[in-house]
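After this come two complexes, each holding chain A, first together with chain B and then together with chain C.
Entry: the complex of A and B
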C-alpha cells in the first residue's frame, strides 16, 4: 500500500475534530425493513463535520443501507436523520435539497454512458445548482484536475479504465461542492491494480477536511484515514473505535472473527 | 378506352395478360401526390406518436397509480383492436358526439393514437433496461424525477430499443395505407383512384408496391443515420 504511505494527513486518529454543533450527520434509532427482513436495527450514529468514518462488516450487515439512508436513496421505517442539523423530510423538494449537500460514490461508478466525462460532471452543477455552462465547466475541470484525469474530459465513460471511471465519479460528486461525501464500496468493483489510484484520491480528499463516510473493506485505508471505524453485523453497530483500538484490540468477538477472516 | 388497356388475347384457350404501364406512368403525378401525403402524414404521426409514447412510458414506469391505470387501459385497448375499426370509430363514430374530423385529420389522429400504444410499450421496455444504479446516481446528484428521465434515462433507453422503435415506425408508414378506407389522400387512395380510372390493376398496384418498398428503404436508411448520429457513444457491456 505505497499509495497510503504517501498521504499527508492533517490529523491522526485520536485527534478527531472536536464536537461542533450541529453534527454533519446524526442518526437516531434508525430501523429499516425489506419486507420481513430487518436491515437496520435501531442504529444510532453521529458524524461530526470533518470527520472520516469507515464502516465495515460482512455483506448483508446493513452498512450500505445505512449510508444510503443518509441521502435518502433508502427510506426508513422509524428513527430520525439530521444532516447539518436539519431533520430530513420526505417531500421531493427537501429530498433534492438534502442530496445536493451530499456527494455519493457507488461501487459500480454509475457514470452516465451517453455523456462525456465533462458532461457527466457539469450535469449536476447546471441542472441542480443552476450554474451557467462556463462556470460549471470551470468547476468540473478543476475537480477533474484534482482527481488527476483532466485530459480525459472529452472521452466517454466506456473509454476509461475502471479506476479512472471511479475517479471521475468522485469528481462528479465533488462538482456539486457537497459538505459530506458517502462512499459505498468504491474499490470493490475495481481490478486490484486500480484500487490504489482511487484510494489516493480519497486520501487526498480526506486531507482537505471533507466529511467522509466510507463503506469499504480497505483496512489499510481505514487505518490511515479514519477517525473512527465502525463494525456492523446483522443491521447493528457492533463496535465503534478509533483505528488503532479497532484493529489492534477489537473488543467484540464478532469483530475479532471478521478481522481474522479478512486479514 | 377500357378495351385499349385491357387487351386480352385468347391463345390456345389461355388468357394472356398484356402489360401496359403507360397509363400508370402518364398519371404518375397522381401517385406522387399520394406519396407526398403519405410521407408527411407518417412523419407527423411518428413525431406525435413518439411524444405520446414517451409520456406513456414515463407514466407507466414511474407515474402515479391512477394515471398508470389510464395508460394501461389505453395501451391494451389500442393493441387489442383492429386499426381499421379504430379509424372507423373516429371517423364515423365520433360525429355522433359532435366531433367531426376530416379524413386526413382522422388519419393522422388514428395513426398517432395507434403508434402511441405500441411505442409506449417499446419505450417502457427501454426504460426498464436502464440499471437502478444509473437512476440512483442521477438522484444522488439531486436531479428531480423528470430531470432523471430527461437527462439520464431517455437517451440510453431509446438506444436500447431503437431497432424495435424504427421497425414500428416502418409499420406505421405501411399501415397508413389503411386510411385510404376513409378517403384520406394517401398513396393507396391515389392508387385506388388511378385504378378506377385506368383499370390497370396489376400495373397500378405493382407500381404502388414498389413505391411503398422504396419508402420503407428510404425511412430505414434515414433512421439508421439518425441512430448513428444520436447514439454514437461507446458502451462496454
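Entry: the complex of A and C
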C-alpha cells in the first residue's frame, strides 16, 4: 500500500546515506509577505524521502506558513520549491498534481460535517484518483482500520470526539496515498487525554517510512520520532539539529528560552 | 354603469392567483439559476467575473423593479422580440431575483468556515467537487432562511407586473372593480 519509492531511511540523519532519488521537498530562499509583514525570510530546507521533520517555534514564527507553502495553500513571493524533484508551478492542473502527492492534517481537523466518516474518506479516491465506489470504500476502510476507528464509519464528525476526528482526518489524507504528510499542529486543539491517541497514530505512520513534516509542540513526540528538529522564529530557521542535540544542547539563546518556556 | 360584485368576480380574482404563482415560480427558477451564477462569479478568483457580478448586482439592486419591468417590456421590441407582458415580466423578475439571490448566496458561501475550502484544496479536489460536494451543501443550510424571506418578497413583487398589462392577482382585482370603459385599465 505504501507508495514510497526509496527504502526506509535510518532514523538518524547523521548516518543517512546519500540517496539517488531527489529530495522529497527542497525549499530554496523562500520569501513570503503578508502586506508589509514578512512571514518567511529566505528559508532553505531540504527534506529527504522517508525523513521525519518536526518544526517548532513561538506562535507567529512562520512554521505553519512554511508547510502551507509546500502544498500551495500559500503563495510565495520569491524562492523555489521542489517536491520529488519537480519545481512547483502555479497552473491549476499542476497545483492539483502536487497536492495529490501531499496529505495534510489541520489543527481544526476540517472534516466535512455534512458527510459521514466513510463519505469523508471516499470522496478523494473517487474524485481525485478516479476509483469506483467499491474500490474507494475498500481503501477508506483499510485506513480507518489503521487509525483504529473502523466502527465509526457511518457516523457524522460531530458524533466523534476530537481525537477520533483528528484520526479520521489522518485517514482521509492517507486515502489519497500521498508520499508526503504535513501536520499543522495536529494536537493543539485536543483535550489533553486525546493527544496521545493522535500521536500514537502518527508514530505508527512514521514507523512505516512515511515522509513527515510536523509542526508541533509535542516535544516527547519530537524526541521519539523526529530525524531532525527545526526551530523557527520571526520567519527564519534559527536552529536545526537531531533531537538529542536539539533538546539537550540547544545552541541559540532564542532556542534555549523557547525550550525553557514550554518545558 | 356599475357592475355588481358577485360570485363570478370572486372566482375570476381567485383564479388569477394561479398567474401570480406561475410568475413567481418562473421568476424564482430563473433567479435561482442566475443567482447561483452571480454568487459563484462574485467569489471567483477571476477578476473579470467578480467585476461583472458586482456590476450586475449594482444595476439590479440599485434601480426600482418597476423601471426594470418597463425597460425589459419596451426593450423587447428594440432587440426584435414581440412586446409580450409574460416574457417581459418573467425576464425582469428573474434578473431582479438573480441580483438579490446572488448576494444572499455569496454571503452564505463565505460564511462556510475557510478551513473547509482549505481541506478540499489540500485533498486536491477540483473546483466542481470543492463547490458541489463541500462548500455549497454547507452554504445551502445557511442560505435557507434568508432565501425564504426573499421568496416572500418576490411573490409580492409580482403585483408590479400588472402595470405592464400582465393579468395576475392585482390586475384581476382592479379590472373587476373598474368598468371596462376606463382607458387606463
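One rule holds for everything that comes next: the second predicted complex is superposed on the first by the 243 of 263 C-alpha atoms of A that agree within 3 Å, B and C clash if a C-alpha of one lies under 4 Å from a C-alpha of the other, contacts with A are read in each partner's own complex, and residues count from 1 in each chain.
We take it that contacts are C-beta pairs under 8 Å (C-beta built on N, C-alpha and C of every residue); 3 or more make two chains touch, one makes a residue touch a chain.
Fair warning: this is a prediction, and the values are worked out from it, not measured in the lab.
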Worksheet item: Is this a clash or a fit when chain B and chain C both end up on chain A?
Response: clash
Worksheet item: After lining up the shared chain so the two structures overlap, which partner does A:156 touch, if you call chain B first and chain C second: first, second, both or neither?
Response: first
Item to complete: Figure out whether A:124 sits in contact with chain B (first) or chain C (second), or with both, or with neither.
Response: both
Discussion item. On the A-aligned overlay, A:188 touches which partner chain: chain B = first, chain C = second, or both, or neither?
Written reply: neither
Practice prompt. Figure out whether A:42 sits in contact with chain B (first) or chain C (second), or with both, or with neither.
Written response: neither
Worksheet item: Between chain B (first) and chain C (second), which, if any, makes contact with A:100: first, second, both or neither?
Response: both
Worksheet item: Between chain B (first) and chain C (second), which does A:71 come into contact with in this model arrangement: first, second, both, or neither?
Response: both
Practice prompt. Considering only the touch criterion stated at the top, classify A:112 as touching first (chain B), second (chain C), both, or neither.
Written response: both
Worksheet item: Which residues would you name on chain A as touching chain B in one complex and chain C in the other?
Response: 71, 73, 96-97, 99-100, 102-104, 106, 108, 110-115, 123-124, 127-128, 172-173, 176
Fill in: chain A partner contacts - residues on chain B that touch it in the complex
131, 133-134, 136-145, 147, 151-152, 155-156, 159, 231, 233-236
Worksheet item: Along chain A, where are the residues that touch chain B in the complex?
Response: 71, 73, 92, 96-97, 99-100, 102-104, 106, 108, 110-115, 123-124, 127-128, 156, 158-159, 169, 172-173, 176
Fill in: chain C contact footprint on chain A (complex, rising order)
71, 73, 96-97, 99-100, 102-104, 106, 108, 110-115, 123-124, 127-128, 172-173, 176
Worksheet entry | Sites on chain C touched by chain A in the complex | 113, 115-116, 118-119, 121-126, 129, 133-134, 137-138, 141
